[in-house]
Each structure stands twice: as C-alpha cells, then as structure tokens.
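Labels run A, B, C and D following the written order; every chain starts at residue 1.
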Amino acid sequence: MEHLGFLFAAYAIIFSVIFVYVVFLWRRQAALDAEVSALEARLHALKDAASKSEASPRPK
Amino acid sequence: MSAPVVETHKLSMLYGQSPVLREIDFKLLPGYGAFVIGGNGAGKSTLLRILAGMAAPTAGGALIFGRDTRRMSARYRRRIGMMAHQSFLYPNLTARENLEFYAALYGLPEPRVSAETWLDKVGMAQFADARVRAVSRGMEQRLSAARALIADPLLVLLDEPFASLDSDGAAIMARLIREALDRGASVVAAMHGVPAIAGTDFQVFELARGHLGPFTPKEEETTAWTGARIRSLLHR
Amino acid sequence: MSPFAAVLRKDLRLELRGGNSTLSLVALSLMVMAVMVFTQAEAKSHDAESAAAAIWIAMVFSGVIGATRVLTAERENGCIRGLLLCPIDPAGLYAAKLCAAFIFMAIAEAAAMLMMVLFFNLDFGVPLLRTAPILMLGALGFAAAATLLAAISSRTRAGDMILPILAVPIYVPALIAGVRATAAALGGAPMGAIAQWLKIMVAFDILLVTAGCLLFEYAARED
Amino acid sequence: MNRNIRTIVAAATFILMIAALFMVFDYAPTEADQGIVQRIFYFHVPCAWVAFASFGIAALSGILYLWLGDRIWDDLEYAAAETGMVFCTLVLVTGSLWAKPIWGTWWTWDSRLTTTFILWLMYGGYMMMRASADDTAQTARFGAVIAIVAAADVPVVIASVRLWRTIHPAVIVTKEGGHGLEDPRMVAALLVSLAAFTALYGWLLMLRFAQLRARTRLGALAREIALAYAAAGDD
C-alpha cells in the first residue's frame, strides 16, 4: 500500500483538470450566449426602425 | 465590346461592424479611366486594396480580367500596377536601385534601362542616386508612381496620386495617367478632387458613405485641359 | 535576374548599407558565449560538451533575432505588400529571405566558433573544421523554421515575443543532433561517427525548407 | 454537430468512466513489481492515445483548411489542438507521478516522454499564437501552418530523441513495456479505460467544436446584419 499518495494525486489531477476545462468551456458558452443576445437586440432595433419608416425598404 | 477589366458585383466591406463599402456595382472597360472622388475615410483606399487583391471583401466580389481578386495568380498580378498610400520603396536603397529591383521582380528584360527611363519620366533623374530615406515626400510619391507603372500594367490603380505633389509633380502625374489611358490601359484613381485631365475616356465617381455614384460637381470644379499644359488642380 | 536573386541581392545590399543585422548577431553570440563561461562553476578547458552547448545556445538566440531582422526590413513603407503584389512565386520570396537569414547567421556562427576556441581553450585543427558543416546545417534549419514562423509572429499582438516560443520546439530535433554532433566532433570523433546525427539534421533541413516553400504563401498573405 | 449525439456521448462517457474506475481499482489485480502505483497506467495510456490522436486531427484539419478554405476545418483544428493540449498536460503530469515512485525520478528524458513534451511545447506555442491574434482568416491560416509544421516535425523529433537516448548513457534504463500486463483482467481494465477516455475526449471535442462553430457562425451573422444595414444605407 505504499505510494498511495501518488496514485491518489494522479487521479485527483486527472479529474480536476478535466473539471476545470469543463468550467472553462461553460464560461465561454456564457460569453457566446451574451453575444447572441447582443445580436438579437441589434436585430430588434433594426426591425423597430423598419416598422417606423415604411417608406424606405429595409432588411428584415 | 471587349470584356471589362474591372467588374465588381455587390462589393461590400466591413471594418468590424461598420461598413466601408456598400454593394458597389462597377464596371470598367479596357482603355477607360475611373476617378473616384471622396473625403478621408470614404473607403477609396479600401476599394483599391480589394481590386489589387491585397484585401478580401466581406461580401460580393470583384473580378479583374475576369479573375476573382481573392484568387489572383502571378499572371494576373503581373497586369496590375498599384500605387498605394505606402510607397513600397526601401528607404535605404537609392531611387534607381528601388526601381531596378521592382523592374526585375516584374520580369522586365532590361531593369536598368527601365529604371532609367522611368526616373526621367517622373523627373527624378538628378535624384537617381539619392536614397529614398533622404528625398522629400513629394519625390517619394513620384517614385512610387514610377514603381507602379514601370511594367506597363494594363490596370493602373492609384491611391491619391496627387497627394503631396507640387505643380510640376501634379502635371507629370496627370501626363502619366493620360499616357496610360492612351496606350489602352484602364485606370482607377482615388482622389480628393477632380484632376485636370482632358478626354472623354474616363468617368468621375463619388464615393460617399460607402456608396459609389456619379460625381456631380457642386461648383465650378472642373477645369479644361488646354494644349499640353495643366492650368491648375482643384482640390475640394 | 530571377526574383530570388533580386530579393537576395537587395537584402545583402541593405545589410551592407547599415542594416547591422550581422553585427548584432555577432554581438549577441559573444554575450551568450560569455554568459555560458561565467555561469559555469569552474573554467573547464578542452571541454567539448560545454563548448558545444555554448555555441548552440548562441545559435538559437542569434537565429531568432536574425529571422526577425530579415522580415522587419520589409515592414518599412509596407515593402512586403509591394513584394506580394509582384508576379513572383511566394516560395521564391521565402527562399530568398531564408538565404539572407542563413547568410547572416552563418557569419555570426563563424565568429562564434572563433570565440568558442578562445573561451574554451580549444585547438585549431581538424576537429574544429568538422564542426563547421554541422553548424551550417543547423543554421540553415533554424533559418528555415524561423523565417516561416517570423512571418506569423510579426502579425500577432504579442509580436516578435512569440517567435522563440514557436520556433524553438520545432527546432529541438536539429538542436539535439547538432549539439551531440558538435560535442563528438570537438572530442575528436571522425565524420563517420557523427553521420547519424548529420542525417537527422539534413532530414530536418529538407523538411523545414520544403514546408516553408509550400506554406509561406499562407503565412505571408494579408487579407 | 447534433445536440442529441453529444448527450449520448456524455452518457456513454459517464457510464464508461464509472466502469473504468471500478475495473482499475477493484477488478484488476495489483501488479507484483510496481505495486499500487501501476494503476496510474490505466488512465495514463488513454490520455496519451487521446492527446496524440487529437494533434493528428488538428494537423489534418489544418491541411484541409488551407486546401478547401472552409472555416469549419479551422474550428475543428482549434478545438482538437486545445483538447489535445488538455490531455497532453495530463499525460505529462500522470507520467511524472508514476515515474517518481517506480524509477525514483520525476522526469527522465526517455524518448516517449521527450517527444510528448516537445509536442506539448509546440502546441503551447500554437495556443499562445491563437490567444494573441484576432479571430480572422489570417489567424486561421497561421494556426494551420503551425499545426502542419508541428506534425511534419514529429518523425524527426522521434528519430533524434531515440538516437540521443541510445547513445547517451541513461541513468535509469526504462524497461520497454515495463508495465507487463500479465493478467487478462489488467488488459480488460486498460481497454475499458481506453474506451472511457475516447468517449470523454469525443464529448469534450464536440463541445468545443460546437462552440467554435457557433462563434464563427455568429461572427458571420453579425457581418450579415451589418451588411444588411449597410445596404439599407444606415450606419
């Protein structure tokens, strides 16, 4: 049962690194979602502007 | 009628989210000129960079001699002469050495002779052995024009060719444009005001807020070409 | 004159006209060799291992600077754009730039060899002569890798900082082979004994020069 | 990349990982020479396999990107390089933790270790380049160039490191296959671990790839909208 510490450390590191990477992916996903929201807002603004002035043709 | 030298189709360019060029449709036939007038930041340089294949448009496309500017091989680049805002000249080489170097790269048979001829043409013969670092901005501009035209390109792209030129220099520049048109080359030149070049083989456009449209002079902004002399150059 | 010859001639002319690249490479090599001597606990004479280590460290440092210098020469007035507009094959342009970097490095290596003899108290003779082709193969390989990667690093925000980080790991096989071969040659081993190392270096050089010729276009293009 | 496939792979990863842990710690017998530390091997080897495969995918995608010019290949290349980097780090760390008790040293310049370490350095450079450049087609080309050069370099790295190790007197002689799997239960544990890590890798790669794909498409969409504005004459 000697060297149990090494075995424990190895497995602990494997799982914590993978966990940290998943957290990192998750945070980037949040940033991506924020970007989608910003784009949606821009699209809404575009639609509003289009409905206000029907005279000039605008993109949907 | 022969095939157009330049043909753009809904050419658009964004820098980040802000549009610089908006759906530009433009055609230029061999032997014709297009002078694009516009203020600073109007997108003139961007348009020329795209036509030279130095930048890829965001949407739409440009054909040069029928070839997409994004995929121009050496054969197509050989036919284009681009005078950009940067001179592309090596500061530590002399005027002559710079022109010889580019003449060699364009595969001219006698680089030395070509360099000599063009130094004469742009009135730089007496500065032939001065390093580019030491000459004035206006002289560098003349050399830059010589560099662009040295291989007799069939499409000449000029970005503000008259900037920082004195009246002699401007006269030379106007003559070079005239000569290029006369030998059947097409010219696209971006500038701030209408140049004093006579002829009916060119059109003047205005590039404003990313749109390319026909230029309508606000006041008396054109002058006539009288004899072989330039009377004046008007800048807006 | 071929585009390759024109560009190379232009680079050499610029260098003679106060480019000072070679001089800075020589100076840097001198510094590295001096640092190597000072950081060793005791001055060892006739120590082939230390001498080989010193000259190869100098090689890596001067190579990074050399490749950077060769490409910065093209940045003033946007000259690199002017070159890319010319109807020349990017591979020819790469080859010319690589040759220029190699020549600057080779001169610096020659100077470094002299310093190595003095600092490590070696003898002038056949063993020293045998190190010359090894160092030249090493310089060629490093110039090939660094010229290609400098085109990339110069366009990142980190700038030239990132070049050694990209180039050195790629260079490791030639570095290992070069140091071992140099140490063996300085220790008096005949050419036959280091042939295996030389083979690796030649393979590395061929590989990197080929990769550079094929890929330089993608690294240099601007759009 | 379908969301359903990702869910299935995630579930498979979870089940396989539980199974692998059970087999590694309970089913497989303790190795006679090395003792309990040998169990690191069951996860170390899959990490190595996954890391090398990932760098291979990155290099192939790089070639495809330069050839075809579709940004999807760049997204795959970046995702594979990044995921490969994670597992490559794990290989090095677990390798060290195994080497210390068995060989008495954290690190030996054995050919496999050295090659792995050099790959790790190369892709470290790749990641730094990507981090310090804008997300443009140019950066994508740079990434492809580095990935291709790195992959092309690997055979020369292996050749030089092998020769280096055979000529240089090694203090510690690394037994080739010093982890002899004499018991079939050990082989089974390794195979299940390999499956578990392949699934885990597949899941992470798909996640990252989908993310990068979304980012690229979002960029394209933002450009579309800006272009539509531009065409309408708005600023």
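The criterion applied here is as follows: contacts are C-beta pairs under 8 Å (C-beta built on N, C-alpha and C of every residue); 3 or more make two chains touch, one makes a residue touch a chain.
Everything numeric here is computed off the predicted structure, so don't read it as measured data.
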{"item": "Path length in the contact graph (chain A to chain D, fewest steps)", "value": "1"}
{"item": "Chain whose mean Cα position lies farthest from chain B", "value": "D"}
{"item": "Selected interface, B-C versus C-D, where C-beta contact pairs are more numerous", "value": "C-D"}
{"item": "Geometric centre distance via CA averages, chain D-chain C, whole Å", "value": "31"}
{"item": "Separation of chain B from chain C, taking each centre as the mean of its C-alpha atoms, in whole Å", "value": "40"}
{"item": "Centroid spacing, where centroids are CA-atom means, of chain A and chain C in whole angstrom", "value": "43"}
{"item": "For chain D, residues that touch 2 or more chains besides their own", "value": "137, 222, 229, 231, 233"}
{"item": "Where chain A touches two or more other chains at once, by residue number", "value": "none"}
{"item": "Residues of chain B engaged with two or more neighbouring chains", "value": "56"}
{"item": "Each pair of chains that touches, named by its two labels", "value": "A-D, B-C, B-D, C-D"}
{"item": "Residue numbers on chain D that touch chain A, as the complex places them", "value": "35-37, 39-40, 43-44, 47, 86, 89-90, 93-94, 97-98, 100-101, 200, 204, 207-208, 211, 214-215, 218, 221-222, 225, 228-229, 231-234"}
{"item": "In the complex, chain C residues that touch chain D", "value": "145, 148-149, 152-153, 155-158, 162, 165-166, 168-170, 172-174, 176-177, 180, 196-197, 200, 203-204, 207-208, 211, 215, 218-219, 221-223"}
{"item": "Residue numbers on chain D that touch chain C, as the complex places them", "value": "66, 118, 121-122, 124-126, 128-129, 132-133, 137-138, 141-142, 144-146, 148-150, 152-153, 156-157, 159-161, 163-164, 167-168"}
{"item": "Contacting residues of chain A [partner chain D, same complex]", "value": "1-4, 6-7, 9-11, 13-14, 17-18, 21-22, 25, 28-29, 32, 35-36, 39, 42-43, 46, 49, 56-59"}
{"item": "Footprint of chain B on chain D - complex, ascending", "value": "137, 222-223, 226-227, 229-231, 233, 235"}
